[in-house]
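In the two complexes below, chain A is the common chain; its partner is chain B in one and chain C in the other.
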Partner chain A sequence: MLDILKISVQMYLPELICVGLMCLLLVAEAMHKDEGTDRSKIYILATAGLLATACALMMNLHIKPTLGFYNAVVIDQFSTLIKLILVFGTLGSLWLSKSSNDIYSDLKSEFVVLAIGTLIGGMLLASANNMLTVYLGIEILSILSYVMTSLKREDSTSTEAGMKYALYGGLTAGIMLFGMSHIYGLLGSIQFTELAPKIASVQGTDLVFLMAAFLLFFAGLGYKISAFPFHMWSPDVYQGAPIPVTAFFAIVPKMAGIAVLIRFSNLFFSVSSPLSTVWIGLLHIVAALTMTVGNVTAIGQDSVKRLLAFSSIGHVGMMILGIVVLDEVGTRAILYYGMAYLFMTLVAFWITSVLNDTYGTDSQAIFRGLIHRHPSMAIMMTVVLFSLAGMPPFSGFVAKFNILSVVIEKKYYGLAFIAAINSVIGLYYYMKLIKEMVFSKPESTEMVPGFTDGTRVLVVALTLPVLFMGIFWEGLMSLSGGAKLFIQ
Partner chain B sequence: MNGLLNWILWSPIVGLIALLVIPKGNDNAIRWTALVSTAFTFILTLVLYAKFDQSIPGMQPDFLVKMPWIEQFHIFYSLGIDGISLPMTILNGLLFFLCVPASWTVEKNIKGYFALILMLQSTVFGVFFSLDFFLFYVYWEVMLIPMFFLIGVWGGENREYAAVKFFLYTFFGSIVMLVGIIALYYATGKGVDSFNILAMHGGKFSDLQVNIFGHDFSFEKLFFWAMFLGFAIKVPVFPFHTWLPHAHVQAPTAVSVILAGVLLKMGTYGFLRFSFPIFPAASVEYSGIIGTLGLISVIYGALCAMAQDDIKKLIAYSSVSHMGFVMMGLSAMTTTGMNGAVLQMFNHGTSTAMMFLLIGVLYERSHHRWIVRPDGSKGFGGLYTQMPKYSIIFIIGMFASMGLPGLSGFISEALIFLGIYAKFTTMTVLALIGLLLGAAYLLWAFKRMFFGEVAESVKEYDDMNLREVAYMLPLCAAVIVFGIFPAPILNIMKASVGQLVDLLAKY
Partner chain C sequence: MISLASYLIISIILFVIGLMVMIARKNIVAILLGIELILNAAALNFVAYSKFVTNNLDGHIFALFIIVVAAAEAAVGLAIVIRFFQLKETIHIDEATQLRN
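After this line comes the complex of A and B, so read on.
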């Protein structure tokens, strides 16, 4: 028993670093209270901790896939890569929160602690190998998210968003647990690896109940990744939450939820059975509707945060396309998509945050004539928006290309055409924002104060991968190509 | 000589970088850098012409460039040139070179303007050189970005609408094409040649079937149409032409020239390089539809042009009409017709560029383009008396685009008619009406603008200055020389076009 624990703890090092970091930060924060509003020490500590986590994850990239803690978690290359995306997403939003005025300065250290806590939930989800771990991960992720949404406690939209999020989250978590209990009742296990072979032998009416149970389970995940029809909360939450929190939500919970969905789908439904047919059909419909609803609704949005929220729903729909195919190539495409999406989202939110701090609103009007008032910011935003729309030579195009190509490989031409149409719709609303920035005359010629020196370097450093990943993407593709799911 | 295509492709980018390091405010330095860069590129294209071996039907082996880009997907940085792309390459070099002096008077953010122009030039070369489908698609799409900003920032009053419409329309066509490209990648078996355009030539996909939502379709037909959409929007063929008048009218002069002169040709080039050789059976089967759409474009474009009060819009619609001739020539699938079509691509490039440049010259003086103003009064009048040099050049350009014997347009149109007559006789006769209409709208516009009493406002106009005459002369020479002696261009395309016609003749 000790042996198992020893091995498990060893490979679980990244998570443990995070947990240690979170405790350390709580203590540091408490001791720090008297020293005014300067929180830079907290940030340095958090950055160091997260970088250490990233290093530990990198080392895990090369170990053999293993099960730990009596099969509760699995560490494989796939989960490690997802965790890397999560860690860098967290790091990015932390640094964004440092320069943002959207979070009260005396609450910044609380945000850091909460974000790292949420990250732990996300990492748990990425390597979850049984139903309870999934539930635990989702709950850690959700409960801390509710608090983060309401961080702007004197702002009514923020508290309203938190309330909405909590109500929605509570309901779907309940539904999910209900579904899990049915799965357990029908199959007698909560371990993914034990469940997978049992599914094939289910017959008759049990099959119907099992399908219903899986649908209920999907509700919980669908809510976390804001897939249609469980996406309703996300625009309000995105708009209400402070911008660094929104950026965080756009990356971490989504990628974690998608990781579970990938593992779950590949484990249970990659062999042909009546259940798989239904599940694949479900994913087809969910993917098509998620994309379409997200993109079409984004057209009419004036608030940039809301626009990015809807566009992220659209991107989730694209990523689900990679799950529909249920194979390693699809997983590879999603991993690349996730990496591309990470950088694009961070830069888009960062620039929105800078402007939001200057003008106190996130309406599209604040972007008007940005090219005259802060050229470099406008150029970076343009690059990122073109990339989000899937224009070459940016990373968003390669991401889109990979997803389309896995879908076409499976000969789902209908889905491919729907995705193609969606990318035209996407281009339209991104282009409207670009038009506002570059074509329109600014109302005042006053320059935007822009970045402080440190953030300028960071934003440029985040924008460059958007360009380079669109041209030199071979290395990243082989990296994600090696990310095989561990199936016992 | 291996690197010549690389040189041509990347020298605008080098120019762009040189331009970006010039500090703001040195307007003349920026203009001259752009001029030198485009002149250098143009000379390189002439060198390419000189080194070109006219007897080789396919890609010129001396100029092939092939380097791995994404090996995992078998994507190559692969360039080549043959007799179909060479005329377009020279045209591209020439028109961009002339566009720089034509943009000398641009005042707004000169650096950004010329940087985008040079970026555009490089991507257009990329489209004509690419022998790898992925590379082609990247260039095809990236090209939209500089166009979008050139129209949207430096355009006329309604430029935002025009830029967005242009971008969305083309993007829609190309994304559908992307689905086709990926489908071809899998149909060829993901092998080392699966993005190789030349390896796909020859009708290898006629037996495949695809299933969409439970219905079976022929792979060849379905993806022929997917590609058709992408290219037809670019040409543009009726009914996909609606973006063109807006884009043309709003675009600054030089951008209109490039749009009509080279960008439209990318659509018809797409048919020649991709649709026809890759899907020959479907192309032959649907040649009637291609020809009919071409015919409708010819007549409809001419009628629309006749109804315009804005001279730039008139020329924009005349482009729709003339590109319709190219489509008709392509649908003939005979040596004469195809040669005519490729020659028409080149000739339309020079003559329409002349017209747009001339309108630009006039606009700089008048700041309006009304033949008849909305209130019914004449926009111009007596230009002939006031600006004789301008009028002579205008007459040359107008007659060339009308297809007067002795000027370039005549030969290509005659070849197209000869090529198509045996196959689509009725269509040929109907297309002659288009030719007649073409003469009518141009002459009518000419009469209203150049003859009659000299209007008060016209009296202030100066005739063309030296710079303006200088950049018009090469085009005048081109329309006259190639009108009398088209052999230099016909000879380079003959072998390549012949190869394509032979392939199509098998179906």
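After this line comes the complex of A and C, so read on.
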């Protein structure tokens, strides 16, 4: 028994580092409570801790898949790669929060603590191997997210967003639990490894109830990744929350939710059974509708935060396409998509944040004639938007190409067609923003103050992968090529 | 002897009442109560299944976790509602209309 614990703790090192870091930061934060104290020490501590977590994850990349804590969690290459994306997403939004004025300066250290707490929830989700860990992961993610959303205490939109998030979140978590309870009752276990073999043998009325239970279960996951029809909260929350928090939401909870959906679908439904037909059909519909709703609604948006929210819903739809095929190639394509999406989203939000700090609004008008007022910023934003739209030679193109190629390989032509149409719709609203930046005359010739030296280096460093991942993508694919899901 | 069916019927009634509360009531605190009802329905299911069907302790453990997490969620939810009340002087859900297309 002690042996099991020892092995479990050993492979769980990255999460433990994160937990330790969060406790340390809580203490450090309490000591810097006074207004006006310099908080850069807290940022340095957080960065060091997160980099240590990333190193520990890199070391985990080479161990063979193991189950830990009595099958509650599984550490395999897939979960480790997802966790790396989560860690870097957190790191990026932390540094964004440092330079942003959208978070009150005396709450910045609290944001750091909350973000790392949320990261722990995300990491738990990425390696969840029973229903209890899925539930705990989702709740850790959600409860801390509610607080982060309403971080702008004096601002009524932020509080409203937090409240809507909490109400939607509570409801969907409840519905998911209700579904889980029936899965537990009908199949007799909460362990994924014990549940999966029993799926194929379910028959009769049990099958109908089990289908309903799985649909209810999907509500919880669908809400976390803001898939249709559970996406309604996400534009409101994205608009109301401070920009660094929005950037964080666009990456960490989404990738964690996608990870658990991948594991769940592959574990339970890769063997054909009546249930798997229903589940795959459900994923088909959800993927198509999520993409379409996200991209079509994005067209009319004036707030850039809202536009990026809808575009991220569209991207989630694309990622679900990779789950539909239920094989390793699809999983690999999603991992690549996640990495590309991480960099694109961070840069897009970063530039929006800089402009938002200058003008105090996030309407599209702040981008007007940006090329005359701050050329380098406009060029970087153009690169990122092209990449988000999926234009070659940027990483967004390769990501979309990978997903589409696996979908076509599986002969889901209808889905591929819908995805292609959605790319065109996406191109339209991204281009509109680019047009605004490049071809519109600015209202004043005043230059935008732009970045401080530190952030300029960071933003350029984040933009370069968008370029290079589009050109030298084979190396990265071979890295995620080992990303096997561990299925018993 | 109370059978499994009675527990399941009670839990589904709780679940539906919770849903109805969430849809019909306009008071935010009442909506939070509706969430609690749904969570309790799930917890009841877990314990009932654990006693009658599966004969393992998974369900009991799960129910305990649900109670703990529900408390945390209610605490955060109420804190946000209080903040909302301080800013808007109302806890009517129809007043939460600042964020829209």
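Assume the second predicted complex is superposed on the first by the 485 of 488 C-alpha atoms of A that agree within 3 Å, B and C clash if a C-alpha of one lies under 4 Å from a C-alpha of the other, contacts with A are read in each partner's own complex, and residues count from 1 in each chain.
Here is the rule we use: a residue touches a chain if its C-beta (ideal position, glycine included) is under 8 Å from a C-beta of that chain, and two chains touch if they have at least 3 such contacts.
Note that the coordinates shown come from a computational prediction; the quantities given were computed from them, not determined experimentally.
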| item | value |
| --- | --- |
| First (chain B), second (chain C), both or neither touched by A:Phe310 | neither |
| Touched partner set for A:Phe439, first chain B, second chain C, both or neither | first |
| Touched partner set for A:Arg153, first chain B, second chain C, both or neither | second |
| Which of chain B and chain C A:Lys411 touches, first, second, both or neither | first |
| Per-residue contact with chain A, leading partner among chain C and chain B | C |
| Partner chain(s) touched by A:Phe230 [first = chain B, second = chain C, both, neither] | neither |
| First, second, both or neither for A:Phe397, with chain B first and chain C second | first |
| Sites on chain A touched by chain C in the complex | 131-132, 135-136, 139, 142-143, 146-147, 150, 153-154, 156-157, 159-164, 166-167, 169-171, 173-175, 177-178, 180-182, 184-185, 188-190, 235-236, 239-240, 297, 300-301, 306 |
| Residues of chain A defined as touching chain B within the complex | 386, 391-393, 397, 401, 404-405, 408-409, 411, 413-414, 416-417, 420-421, 423-424, 427-428, 431-432, 435, 438-440, 473-474, 477-478, 481 |
| Contact set on chain C toward chain A in their complex | 11, 15, 18, 22, 28, 31-32, 34-35, 38-39, 41-43, 45-46, 48-49, 53-54, 56, 58-59, 61-62, 65-66, 69, 72-73, 76-77, 80-81, 83-84, 87-88, 96, 98-101 |
| Residues of chain B touching chain A in the complex | 69-73, 137-138, 141-142, 144-145, 148-149, 152-153, 159-160, 163-164, 167-168, 171-172, 175-176, 178-179, 182-183, 185-186, 210-213, 222 |
